[in-house]
Every structure is written in C-alpha cells, then in structure tokens.
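One chain, chain A, appears in both complexes that follow, with chain B as partner in the first and chain C in the second.
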Partner chain A sequence: MKISCLQENLSKGIAIVNRAVATRSTLPVLSNILLSTDESRLKLSATNLEIGINCWIGAKVEQEGATTVPARLLADLVNSLPAERVDMELITRTQTLNLKAGRFEANIKGIDAQEFPLILVPEEDMRVQIDPDVLRQMIDRVAFAAASDESRPVLTGVLADFSDDGLTLAAADGYRLSVCTTELEQAPEQPTSVIIPARALQELRRISGEQEEPVEMLVSSGRNQAYFHLKDIDLVSQLVEGTFPAYRQIMPTTFNTETIVSTADLLKAVRMAFIFARDASNIVRVQMVPGGENSGRMIISATSAEHGDNVSEIDATVEGKPIEIAFNARYLIDALDVMDTAQVSIQTRDASSPGTFKPVGGGDFVHIIMPMHIPR
Partner chain B sequence: MWQVIGHTWAVDLLQRSLASQRLAHAYLITGPDHIGKTHLALEFAAALNCNGEEVPCHHCTPCRKTVQGTHPDVQVIEPEGARLKIDQIRRLQYDLALSPHEGRRRVCVISQFERATTEAANALLKTLEEPPRHVVLILTASDASLLLPTIVSRCQILPLRSVPTPIIEAALRERIAEEARVQLIAALAGGRVGWALQAIQEPALLEQRQDNARQMLQVLCHGRARRIQQAEMLATHEDVQGMLQTWQLCWRDVILLQHHCEELLANTDLYEELAQIATSSSPEQASTAWQSTRTMLDQLEKNVNARLALEVMFLSWPRVEVGVTDSV
Partner chain C sequence: MTTGGPAVACWIMHVDLDAFFASVEELLNPALRGKPLVVGGRPEGRGVVSSASYAARAYGVRSAMPMAQALRLCPQAIVVPGRHQEYSRHSHAVMDILYEITPAVQQISIDEAFLDVTGCERLWGPPEAIGRLIQRRVREEQGLPISVGIAANRLVAKIACDAGKPQGLVLVPQGEEAAFLAPRPIETLWGVGQVTGRRLRALGIATIGDLAAWDEERAVRTLGERHGRGLWRRAQGLDDSPVQPGSERRSISQEQTFAHDVADRLFLERTMLRMSEAVAARLRRRGWVAQTVRIKLRDPDFVTQTRQETLAQPTDQPEAIYEAARRLLDAHWTAGRPLRLLGVGVDGLLDEAGYQLTLFERDDQRRIRLNQALDEIRDRFGDEAITRAALLRRQHRPEEPDPTEGV
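Here is the complex of A and B:
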C-alpha cells in the first residue's frame, strides 16, 4: 500500500472512526484502525463489534493495499503532524506503516488486515431516507431515555419502527419513556421494527454533524444490522435481539389536569430545586394550581433534611383538578432539555400515575415520566 | 473434518445434531483437566460458523479465525483470577443480546464453570434457559456434580471420558518419531490428550517430572532426620501439587510392579528404579505410601501447611536403598 493524503483530512477521518474503536475487548485487532485503499480514496474503518464506522477521505493511491494500526497511536501521531501532505507506505513483510510528513517520519507496527472483522454492507431489504436535521432532533429526544444499565439489553436500545405512518423511535428505561414520530417521504416497502443500540444512534448523531444531504437508512434482510449511509461515512450497527416492551399500552390515555408552562421557566425552577433534591433521592414536588390563561400557578419545591428547602412559583395555564405530584429532578431536567419549544404541556392524572410531557407545537413527541412516591 | 483426538461419540453426536439442524441452545462438556473439552467446544464453534462443505473445514476464513481465537462471534470466557465473576457474566449477557457480527451464530465458550461464583452461576440461569436466537452456549467443567443442579438441567451434557492410550499413541506418532517418547508420553498422559500435546511442545514438562521423581528416590534413601530437612526444602517448591502428582503416579507404578503388571506401567523410563523400590518394600508399605500421598494432595487444596504435611507423608514412606547418586 502506498498513498498520500492531507493531514487535515486524515486527522478528521481518524476522529470520526475513533469513537468506534473498542476500548475493552479480547481481540487486540479491535483497538486498531483499518486503513485500506478504495479506488482513489483511503478508507478508514473501526469497529467494536457493536458499532462499525467507515470513513472515506480523498487520497492519491499509488499502490493498493490494507493494514491495521493502533488507533490511539495513529490519532496522537497524526494530530501532532504539521498541516501538509502525509505519505504512507506499508512494508508488508513486517506489517509496518511508514508515515512521512515534511521532515517528520514515523514507523507504526500494525496487525495484518486479514484479522480485522468484516464490516459488511448489508443486503438491501428496507431503505428509507431521512432529513439529517430531523434525524438529529429525534435522536436527541429519544436516545437519552434508554437504559444505561446493561442488565436488560433490550432497554439499552432504541426501538425504530418503520411503518406507513413514518418512523417512530422509542426508548425506555423502566422509569421514563420517550416516543417520537416523523413522517417519511417514501413509505417503507414493508413495516419493519428493529432495536438499535442507543450508543450507535448517539454516534450517528455526532458524525452527522456536518451532513446536509439526507441520511440513508438500511435494515439488512437477516435483520442483523442497521446501516446508515452518510456522505463519505457509513455507520453499521448490530441490532439488539429481543422484544421491546409494548410501550403503547403504558402510555396514559386520560388525564385530570393539563398544565401549559414556559419550558425555560420550568427548567430554571427545576434546576434550582435540584440543588436541594440531590440529597433527597432527587425528589422534586410539583404542585399545579388551576387558573385560566397565566392565572394558574405551578409550585416546584424540594426539601433536603440536612440542608434545607426551596420553593419556586411560576405562572402557568392549568386546567382541571389541582394536583401535587413528585418527579425525579434528573429526569425532569433531561426531558426539558430536549423540549425545544417555548412551552411544554404536562398532563397528569393523580400522584401515582405517570406524567406526560409534550412540546407545544413541536411535532409528534411524547415523554412520559413515572412519578416518585412522596413520603408523608 | 473434526480435528479432535478421541471422543468419537461426542463428535458424532454433535455432527448429527448439526446435520439435522437440531441444536441445543446450551451444552455442558464435562471431564478431567486437559482432556480436550475446550478444544471440542471450539471445533464445534468452528463447525457452527463454517462456510465449507464438510464442516468444520479448517480452510475457510471463519474456521481459521475461530481456531486463532480472532473470530468476532466466538467468545471464550475464562475465570478472572481464581473465580468466574458475575461482572463477566453480565458483560457477556450484553454481548449476546447483539446479533452476530459476521457469522451465523454467536458462540460463547465458558470454560471451567465449576469455578464460577454462585452469584455468577445464578446470573447466567436466565440466559441459559432462553438465550437469544443466534446464541449457542458451551460450558465446560471438570464434573457436573460441582455445578448448581439448575445449571446442569438447562444444558445438554457431554461427559467426556479419558482417551484410550492407543489413540493418544497414534496421535503422537503423527507428531514425533521417537517411539520410546511416544509410549512414555502416552502412558504418562493417562488419557489427557491436552497434556500429551503440551508435553511434546514443552520438553520442560517432562524434565520437571523427572526432577520430581528423582526427589522421591532421594527421600526414600534417607533416614528421618534428612527427610525432615528435605520436607522443609521442598515445601517452598513452586509446584508442590505437580510434585505430589508425580509421586502418586510413581507409587501407583510400584504397586503395579509388585503385582506383576508391568504392561500398565506409566513411568516406563524409570522402570529400574521403580522395580528396585518394588522388590525392597512390601505391598502394604507401598499402598500406605500411595495413600498418604493422595491424602496430602487432598489436604493441599484445603490450605494445609505444606511443610508439616510433607513431613508426615515422608515419615510414612518406607526406607529403600535405591541406586541414585545423592546430589543435594
């Protein structure tokens, strides 16, 4: 292999695939980046067997070939090279990558590319296109609600449901649930639903940062992999095996109180309450006092036995019965953070039923939080 | 072609279940150490993902990767330190939930499962009962009775037995030419294929054994005072257990010689010395010595003071004049 490319491009490409490099693995080759020539481009690949990323950068290919080199080492080295042309040559006999840039030269010992797991391009089964901004927003709204605890693998994933209604993403960790739906320009040929690891979607969100063209999503026929095609970047994710809980059944259908409040005000009040709630299992009490247009009130309070308490009052439009309900402040903050509309609507039934949060006029997005038990 | 030495019935069984696509979701392979449990498990793993015609073909990429231990869908889990811990099982459960990366099935070999903590074993129960579709779990253990009954009842058990010496001999002949060494190693292996193959590659293993045997002969020449001295010295030996195992085998041979069963001898290279011991001690003495060696091996696992136990054992051994040069 003999190629030349610009340090800038190489560094950017490495930064993109670097996040898929395995940190804990029994296979040493997974902590490496695969460099291979692909026609007149250089292809960088990394995988941790859960997520795989391929990234193509422009290069001048003099001789084709492939090798793998340690990711950390390569990243550190390339980032400290001057911004000029980098020449790379593989010495096949020793699997050493010789790297030259200006007056700098380095030799990196690699592992044979044959040992690198294949990042397969799935056979086409279902293909949809989605606007990158919409996709990013959906991921922001949903992925954070997935469980971080790996003991129930299904909940660490996000359900992606493709149907005639569009694409629905849903994630839950047992205490909260996020569901977001968007219409698709073309309906998928057949309804499909798969569970994609939340980590993969978060990576996708990160690497699609500069993307302007629609993102192409493919689900492979064996339903083994989800495949996202971006400009010059591919992300392949293994799917989580299992059945996602029937979340539609737990979504409340009736409510006794509906509160509409300014998102920013509520977020500020909850943040303040969280200062005290930290010591008291994150419990924040929310009281809704009915009243018409801005004559209703919402009282947010938190009490810490050791450090004191705090109460904030904000204006709100409250319809229905008065109610006092407690939530985990962490979950409230997470949810309000992704409500990108000026106002948020909160529907509640009683102190022991989940609360439903929706952005007012912000698309088809529902976030449900289980209440906490208030000790009397 | 399955590259397994011995265990033909187990290979047949697995092959049939592969051919008829009637796989169990979990297997438990039991048998003594070094008998080829993990090897059989890996061969099966290769067969499950093989692309060749006659599985496992050992030529296709998945087969090669499995054998090299670089197949992304084949995982081997071993105890971390002394025990297999619950964290290892939890991590595994997450990995298993993902669909296979490039093969048809995810295969996980969990070796020495008898060393799993109770918590780890219990954590695995749910997965073992109902693993994801693509998963085949293979546990190995020295004996099914050491595992929780709930684990055993969820697996198809393949109890491997010692491999007959002629089969080991045949396998060794393909690898080394010297007939004397073939016979010695096969006899010493006592059915443990893994040990025999290791002995070929690491001559140190055999040398160590000879050293151990020489130590025993020396002890036998000495009186009580010297024996106690030697116990003190040997107590700090790096592999007391290995030493005791050699001694136990030597005493076994002495008893066999006393009963004129030369053909069953394991330490064929020490024939003369052992014969000397056999003629100058009574069968009762030899049997007491074997028994005390065996007892000490058991006690060693229960954290007995090695020096004291060695003293007790040495004193129960008979005094025999063996023609060995004293080089202490």
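Here is the complex of A and C:
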C-alpha cells in the first residue's frame, strides 16, 4: 500500500471513526484503525463489534493495500503533524506503516488487515430516507432518556418504529420516557420496529454533523443490524434484542393541572435549585399556583440539610388544581435542555403520578418524568 | 495511656436529653409538668412505651415496656401518642447548639450525641464548664433537661452520663476510668447483652470490676478472640473509638439472638422480613430514607460478620430493605451454616430526602400507599395489630428481637 493524502482530511477521518474503536477489548486488533485503499480513496474503519464506522477520504493511491495501526497512536501522531501532504507506505514484510510529512517521518507497527473483522453492508429488509436536521433533533430529544446501566439491556436502546404514520423514536430508563414522531416522505413497505443502541444513535448524531443530504437507513433482513449511510460515512450498529416495554400504556391520559411557562426561565430556576439539590438526592420541589395568562406562578425550591436552601418564583399560566410535586433536578434539566421552543407545557395529576412535558408548538414530542417520593 | 509517647488528654462528652419525648410533651402542654406521663401506643393495641417522664419512672415504668404493663404499674399515668415532628424539630435545635460548641459532633440518635471537646479549653473553658454551658443553653433556649458525661473516651463518657441522669453532669478524671466503671453491673458495658450477661454472671462476674480483674488471656479463652479481648479492654475503661462527626453515622437496626442456633433458611428469611418491616417502619416514622442495607451474622463461636450493600436509590420501604438483605444472605451465608445471631440494619440515613418513583413497576406506588396505611393502623392500634401473612406462622421464636439503635 502506498498513498498520499492531506493531513487535514486524515485527521478529520480518524476523529470520525475513532469513537467506534474498542476501548477495552481482549482482541488487540479492535484497538486499531483499518486503513485500506478503495478505488481512488482511503477508507478508514473501526469497530467495537457493537458499532462500526467507515469513512472515506480523498487520496492519491499509488499502490493498493491495507493494514491496521493502533488508533490512539495514529490519532495523536496525525494531530501533531503540520497541515501538509502525508505520504504513507506499508512495509508488508514487517507490517510497519511508514509515514512522512514534510521533514517528519515515523514508523508505526501494525497488525495484519486480515485479522480485522469485516464491517459488512447488510442485506437489506427495509430502507428509508430521513431528513438530517429532523433526525438530529429526534436523537437529541430521545436518546438521552435511554438507560446508561446495563441491568435491563432493552432500555439501553432507542425504539425506532416505522409505520405509515412515519418514524417514532422512544427511549426510557425506567424513570423517564421520551417519545418523538416525524412524518417520512416515503413510508416503508411494511411497519418495522427495531431497538437501536442509544450510543449508536449518539455517534450517528455526532458524525452527521454538517451533512445536508438525507440519511439513508437500512435494516438487515435478519433484523440484527441497522445501517446508516451518510455522505462519505457509513455507520453499522448491532440491534438490541428483546421487547421494548409497552410505553404507550404508561403515558398519562388525564391531568389535573396544566402549566405553561417560559422554558428559559424554568431551566434557569431549576439549575439554581440544583446547586442545593445535588447533595440532597437531586430533589427539587415544584409548586404550581393557578392563575391564567401568566398570572399563575411556579415556585421551584431545593433544600440541602448541610448547605442551605433556595427558592425561585416564575410567572406561569396555570390551569386546574394547585399541586406540589418533586422531581430529580437532573431529569428536569435534561428535559428542558432539549425543549427548543420558547415555552414548555407541563401536565400533572398528583404528586406520585408522572409529569408530561411538551414543547409548545414544537412538534410531536412528549417527555414524561416520574416524580420523587418525599417521605415528609 | 498504656504505651509510651506523650499522654495527650482527650476529652469526650456524651450528652443525652432526659426523657426526651416526655419532656417535649411537658413543654408543649405545661399542665402535664411533673405528672406521670407516658408517650407511646395505646395499651389496647399492645403498644409500647417510647418515653416515660421521671414521675412515671418512679413507678417502675420504662421505655420499650408494653403499655399495658406500664398502666398496671402506674394506673394514673397520662398516655399521649407521639408527635415525632415536634421531637425532631427540638432535636435539630439542640444539635445546632452542640455544633456551635464544636464541629466534632456525632449524633447517635434523636436525643443523644458525642462531642470531642479536646482542645476546646481556650475557647470555652475546661470540659466541665463546657458541660454546664450546654446544659444551660439547652434549658434556656429549648426548655429541655439534658445530662452530660465527660471522660477520656466515648465508653466512659456514655456510662458517666447515664450515671448522672436526670440533669446530671458527671466528669471522670483522666486515669480513673477503670475505678469509675468497677462497681457497675456488667450489663452496663458495651457489648454485653442479655446472652453474654447471663454467661458472665454464671461465671461469677457481676460487675465490670470483676471482669477487669481477670487476665486478658482468660477473657479471650472464655469469650473468643475479638469479643473477649474487646470486652476485657472496655472493662479496663479503654476505648479508642473516635467521635465521628456528621449525622451520616446514624443507623437503625434490629437483631435477634436465637435461643438455639438456626440453620434453616426459611426461618432466617422470615426473621429478616420481620426485621426489615420494623426497620422500615422506624425510618418512615422519622421521615428518613436509608442508602445502605447491612446484615449481621454471628456464628455459634461468636465470630461476627457484617456485610452491606448500597442501594441504587434510598428507601424507606420494607421490600427494598428485605430484598437487599436477602441478596446479602445469598452472598455471605452458605446453606446449613448455623447462626447464633442475625441482624438487619440500615445506614446512610438522610432526612429531607426521597427516592425516585419508577415508570414501569407501578407496584411501588401501591406498596408505598399500603405501607402508609399500615403505619396509620400501627400508630393507632400498636405494632402487633397487623402483620404479613408470611410472618404469622411462628416456629421457634424464643426471644423477642432486641431493638438496638445507635452506633
């Protein structure tokens, strides 16, 4: 293998695939990045066996070939190179990658490309096109609600439900639930439901960065892989096996109080309360005082036995019964962070029933948070 | 000081509010002052005495005594149900006074605490003056009587405090610890419960001094390596356990010494369920939640093992405590191993706390409501008024559990 490319492109490509590199693997080759020539481009690949990313960058290929080199080392090295042309040549006998840029030269010991697992483009069962801005917004609104601990693997994933109505993403960690729906220009031939690891979607969100072309999504015929095709980038993810909880059943259908409040004001008040709440199990007490057209109030408070307490009051439109309910401040902040409208609507029933949060005029998005039980 | 090096005099203080709940009731209703007053559950519900005024104690009424028995001893006693929020409010105020003296305060329960006042002389004067200051401030600012014990360590300070009750102040001079303890009944010593007490008395040990007169090796041979050595050292008035500031050290536990060693898993589980119920009820009564569950296992040869698990989130529910206790038993007890004692306890207690409800297991809300209803029934009719079906079939249940709260 003998190729040349620009340091800038190489560095960008490495940054994209780097997140799929295995951090703790018993298989040494998974800590490496696969470099291979693909027609007149250089293809970079990495996988941790759960997700895999391929990225193509422009290059001048003098001699075809492939090798793998340690990801961390390559990234550190390339990032410190001058923004110039980089020439790379594989010494096949020793699996050493010789790298030159200007007056700089390095030799990196690699592992034979034959040992690198293949990231296959699956045989497709379903194919849809999704607007990249819509997809990014949906991932932002939903993926954070997935569980981060592995005790219930199915909750570490995001349910993607394709039907005639469009695409619905749903995620829940047992304490909160996010559900967001969008129409699709072209509905899939048959309704399909898969669970995609939240981490894979977050990586997709990251690598789709500035892409403006639609993202193409494929589900493999064995229903065990999802494949996302972007410009110059592919992401393949294993799917989570299992049945997602019947979340529609737990979505509240009635409420006693509806509060409409400025998203920014509420977020500010909750962040303030969090300063005290963080050493008191994150408990923030929220009180809704009825009153129409901003003549109602929301009172947000937190108490730390050790450090003190705080209270803030904000104007709100509150219809229905007064209520006092406690939430985990972290969950409130996470939810309000993704409410990208000026106002948020909060529907509540009582202190031990879930609260429903919606962006006012912000599309088909619902976030549900279970309250905290306060013994007194 | 048994070893070389500079002898730095430590001054540890134990403070304990006298007949705390009863004193608060007298404060809230001065008409009750000086009358035989008993705080606790109703006698017809088989309730127990949680606090008795000194006027009632004169008739022999004691804490933890069945209310029916208390009323037989003192028929004219005035019985009032507890008002725990009031007690907790006064308790906080008293603890605040202590924290103004020194930050080295370890709260042991709602009405007692240890203070390390070593080196406070320049600020507040000698230890005895500090004791008087605390007594005066608690009396003037909270209207409550408090007893103080001062000594070189926690063990002796606590016993000194008990010796002076009510409204006493007892200081044991440095070096006179053993002499101070010697004439006291052996059961006064930490670590001597009913069982060990009976055993020691059978060996002719009636006072702490009797045990102190043994040589150390004999204590170890008779009572086991750790237990024996520990008791013997304490009998000499030695104790180097530090005052651990912060209220996180609070804990609630229940333990039971079986009359016969038990290896029956079902029986152990049922015992743990009953203890979990009791521990959770006490948590709820105080409005606390616990972050850690622990179990205590003691073998027939007195080897004691304590194992704990931190919960994913704090709780005041018996089911969560029991589940954790059972996991601990699974991990640290092998089938067929006989136990002499079993205990369930909780640590990492938080007030002003709560726990996250779950979306999918909506059962927990029903359980919370159920346990609230149970609390109300027990408050009105006594602890034995209602129980789990699983606890009804009693096999060998020789000794009532010995509720221990504190360190």
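As a convention for this text, the second predicted complex is superposed on the first by the 376 of 376 C-alpha atoms of A that agree within 3 Å, B and C clash if a C-alpha of one lies under 4 Å from a C-alpha of the other, contacts with A are read in each partner's own complex, and residues count from 1 in each chain.
One rule holds for everything that comes next: a contact is a pair of C-beta atoms (placed from the backbone, for glycine too) under 8 Å apart; a residue touches a chain by one contact, two chains touch by 3 or more.
Quick caveat: nothing in here was measured; it's all calculated off a predicted structure.
Asks: Using the overlay on chain A, decide if chain B and chain C clash or can fit next to each other.
Replies: Once chain A is superposed (C-alpha atoms), there is room for both chain B and chain C without a clash.
Asks: Could you tell me if A:Pro153 is touching chain B, chain C, both of them or neither one (first, second, both, neither)?
Replies: The answer is first: A:Pro153 touches chain B but not chain C.
Asks: Given the touch rule stated above, what does A:Pro197 touch, chain B (first), chain C (second), both, or neither?
Replies: After superposing on A, A:Pro197 lies in contact with chain B but is clear of chain C.
Asks: Now for A:Val134: first (chain B), second (chain C), both, or neither, which partner does it touch?
Replies: neither
Asks: Which of the two partners, first being chain B and second being chain C, lies in contact with A:Val240: first, second, both, or neither?
Replies: Once the two structures are laid over each other on A, A:Val240 reaches chain B alone.
Asks: Thinking of the overlay built on chain A, is A:Thr303 touched by chain B (first), by chain C (second), by both, or by neither?
Replies: So A:Thr303 only meets chain C here.
Asks: May I ask you to decide whether A:Val311 touches chain B, chain C, both, or neither, giving the answer as first, second, both or neither?
Replies: Once the two structures are laid over each other on A, A:Val311 reaches no partner at all.
Asks: At the Cα centre of chain A, what angle separates the centres of chain B and chain C, to the nearest 10 degrees?
Replies: Vertex chain A, arms to chain B and chain C: 70 degrees.
Asks: Return first, second, both or neither, reflecting whether A:Thr26 touches chain B, chain C, both chains, or no partner chain.
Replies: first
Asks: Under the stated touch criterion, which partner chain does A:Leu49 make contact with: chain B (first), chain C (second), both, or neither?
Replies: first
Asks: Quick one: smallest Cα-Cα gap between chain B and chain C in the superposed arrangement, Å?
Replies: Scanning every C-alpha pair, the shortest chain B to chain C distance is 6 Å.
Asks: Take the contacts of chain A with chain B and those with chain C, and give the residues found in both.
Replies: Overlap of chain B and chain C footprints on chain A: empty.
Asks: Any idea which chain A residues touch chain B in the complex?
Replies: These residues of chain A touch chain B: 26-27, 29-30, 47, 49-50, 115, 117-118, 120, 150-151, 153-154, 156, 197, 222-225, 238-242.
Asks: What part of chain A is in contact with chain C in the complex they form?
Replies: 172, 174-177, 245, 250, 280-281, 283, 303-305, 326, 328, 352, 354, 368, 370-376
Asks: Spell out the residues on chain B that touch chain A in their complex, using ranges where they run on.
Replies: 65, 68, 70, 72, 75-76, 90-91, 93-102, 132-134
Asks: Over in the complex, which chain C residues touch chain A? Could you list them?
Replies: The contact residues of chain C facing chain A are 85, 283-284, 287-289, 313-314, 316, 350-362, 365, 368.
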